[in-house]
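First the structure, in the form of structure tokens, and then the observations on it.
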Amino acid sequence: MDTQWETYEVFHQSRRGDAHVHVGSVHAPDPQMALQLARDQFARRLSCTSLWVVRTSDITATDYQDPDFFAQVTDKSYRDPKAFDAPDKLHSE
Amino acid sequence: MPEKSYEARLAEFEARINRGEKIEPGDWMPDEYRKNLIRMISQHAHSEIVGQLPEGKWIPHAPGFRRKLTLIAKVQDEAGHGQLLYRAAETLGKSREEMMEELLTGKAKYSNVFNYPTPTWADVGIIGWLVDTAAVINQTMLAQSSYGPYARAMKRICYEESFHIKQGYDAVVALAKGTPEQRAMVQDAINRWWYPTLMMSGPPDALSVHSQLALRWKIKTKSNEQVRQEFVDHIVPQVRALGFDVPDPDCVYDESTSHYRYTQPDWEELRRVVNGDGPCNAERLAARRKAHEEGRWVREALAVKHKKQREVAAA
Amino acid sequence: MSLTIPSPIPLEHFKRFILSMADDELVLGHRDSEWTGHAPILEEDIAFSNIAQDEIGHALVWYTMYEELGGPSPDEMGFLREWNDFLCCHFVTYPRGDFAYTVVRQYLYDVAEQVRLRALLSSSVEALRSVAEKLIREESYHLLHSQSLVERLGDATPESHDRMQRAVTEAFPQALGIFEELEGESSLIESGVFVGNTALKSDWLKEVVPVLRKASLHVPVQLDAENVRVLAAADEGGRRGRHLEHLKQLVEDMQQVYRLAPQSQW
Amino acid sequence: MNQQDQPRAATESSVERTAEVWKALKEVRDPEIPVLSLVDLNIVRSVEVTEGCVKVEMVPTFAGCPALNIMRDEVVSKLRSLGFEHVEVEFTLHRRWSTDDLSEEALEKLRTFGIAPPVHLMSPEAGSHLERLQRAVAQPVLCPFCGSTETKLDAFFGSTLCKQLYFCTSCQQSFDRFKPV
């Protein structure tokens, strides 16, 4: 951004204990105003227990154009729960 | 330094214009240039002021908040443009009072188009769309004018006018999507405004006394005919795209010229309307005179107060 | 969109309060716009057109809030409502009169609005505070403008003085009607929505009386010690929907086109 | 116009998608001040992206701004061109908008365009808004064309709600000044 106002990414939590989920962003002069805007805009309709705002420029993200970044060196399928064929219920019916 | 001869100054002046330089208020200029400019700019200013009336009539009736706000803003812009243009004309040595006097006594001319009635709400949309499109084409050309203050005023006015076109178009589209009565209102307005709008760019250049000089000194840079053709080519497809008719059966696209053909308006009507004998000339001037007369005490009081304040400041 | 207000505040009375402000703004804005194209000088033509847009814009803000409280849309409120359902004061409904009346009315109203918005900056309702914060910025321009016209026209020439004096004599009692008590006002005061009209009127008097007097204009009040005693009867009734024919005509004009096809777009 | 941008929305993160929206909005010019975008003017306040839909919240400069429907149309068509099927624009009328929040860069762009930028209203000695405004209005205004201070207020209210009209007696040019609010 080349204005002194910046965009802030908004992360919303709907219940205590849930993860914060990205819901959008706001344009504000400082983090406090960003929180207020985020409250008015995103917490108005959704139930909300907590909001985070993060300066967009502070986010460092991986590049979708670079799939190699996630290339697995060794087979880690054993770490993925889906790799195990465990039934949801041990005793059906 | 010896006084330069008129011819030498004129040659220098024309050379500057041909190099694309702007002429500024303090610069030397031929009297004819000055006169021509004052005439054009003041006519333009008068057109803005009188132009407030046909649309202004609908301000109290505008349907809905957005339309009401927009229409007030638009008519306000016209006052603003008038103000700006009178200012530009003043830099050439003629006072606003003199110009106003000429308007109110019927001596000055202004655009033909504001002497037609506005019987329905659709007229507001059509003026914004058709009339302002024609105006912007003309004014975009005038923004290239050789006289600096006029060109700069025009540049600003063009921005605001293009906003008027959008608003006019938006109002027409709303009506076009509406009831059959609303659509009929639009078609009726197009029918009434078509020829007056064509006349706006002025008579064919062969009939225009002022055109040649104005072109030579780049007060304007296109002929009346060019401006009119540009308007027709631009607007006809738009009118048809919204499902409305252009009230001219001979208005067809000519492949050989890449232009639309159109029937010439009645130039005799234009002469009459510009010379004071149109459907609403008397009504328009009467409204301006009434505002002027009723406001006299305010102007006097402000002038007196201004003088008193200056005396106090000087003492 | 919905707006909820803290529970001790009586919703119906709160809504009427919002509506009374919205209607004042719309009707005065409409009257101001009657000068567009007809003002004494171009600069005032532009000024009153601008003020009209601001006032109508403010009306829109209040009607939007009214909608968020469960009311109909702003357009329905302005363009389909019956004239006797308006809650504006009589003051704003009178015809525009001469330019002196317009200037005096605008000045008296601008101070009233300034005083009202200033009070709302400390309302118990957050939405009111934030609206006041926005509107007061625009409104201050109106006040600077109308006050300077009052100061200049009040004693410039004998004619301007006469006209301005006539306007003050006519407008002052009407303006007092701005502060007509609202239905349920005491509950609004108790719950901290605003300080109440009596307090607003007293702030208003403290501002307008000295300015008018300084402009050589007589005001029907008596000053004893700190208090301003008003010697004129307030022109009231509007806040209870009891209106004059002027409003009927104005509303008819305003709704004329919209009502041709109320279900359609315009 | 309305073509769906294939799987993009699904493959990218919502943060990136949102950033794209901001970038596009920076290209939407204010209809009355075409050198500034709706983002430069702090009109756009928030962006919410959900699958194929985007919602934009805007705060008008002045409550009665007549250009709102045009801004809305331009935002909608701009964001549709990014592949959003549904674009919602919401105007928040009650939120404060102040020229004090404009960036130096925005002010410079105004100046280059020929509009004198607004002075800052907030000052340490603050006072009521009216008092601050009175002080601001009394300050000399520089002509954006020639830089002269020999300027005078021609009309307290200008051609649009956000401007006042000045005249420069040095270069004889009328110019607008953005109203400090």
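Labels A, B, C and D are assigned to the chains in the order they are written; within every chain, residues are numbered from 1.
Throughout what follows, a contact is a pair of C-beta atoms (placed from the backbone, for glycine too) under 8 Å apart; a residue touches a chain by one contact, two chains touch by 3 or more.
What you are looking at is a predicted structure, and each value in this text was computed from that prediction instead of being measured.
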Per-chain CA centroid nearest to the all-protein CA mean: D
Taking the mean of the CA coordinates per chain, how far is subunit A from subunit D in Å? 30
Go ahead and note the Å separation of the Cα centroids belonging to subunit B and subunit D. 28
How many angstrom between the C-alpha centroids of subunit C and subunit A? 48
Taking each chain's centre as the mean position of its Cα atoms, how many Å separate subunit B from subunit C? 36
Interface hub residues of subunit D, defined as touching at least two other chains: 64-66, 154-155, 158-159, 161, 165
Where subunit B touches two or more other chains at once, by residue number: 69, 72-73, 76, 80, 83
Mind pulling the residue numbers of subunit A that touch at least two other chains? none
Looking at which chains touch, is this a line, ring, star, complete or other? other
All pairs of touching chains, each written as two labels joined by a dash: A-D, B-C, B-D, C-D
Quick one: which bits of subunit C touch subunit D in the complex? Just the residue numbers, please. 1, 42-43, 46-47, 49-51, 53-58, 60-61, 64-65, 114, 118, 127, 130-131, 133-138, 140-141, 143-145, 148
Which residues of subunit D touch subunit C in their complex? 62-66, 90, 93-98, 128-130, 133-134, 137, 154-159, 161, 165, 179, 181
Residue numbers of subunit A touching subunit D in their complex, please. 1-5, 7, 9-10, 22-29, 37-38, 40-42, 56, 59, 61, 64
Inside the complex, what are the residues of subunit B that reach subunit D? 24-25, 66, 69-70, 72-74, 76-77, 80-81, 83-84, 87-88, 91, 149, 152-153, 156, 159-160, 163, 166-167, 170
Touching residues (chain side subunit D, partner subunit B) in the complex: 31-32, 34, 64-70, 73, 114, 154-155, 158-161, 165, 167, 171-174, 176
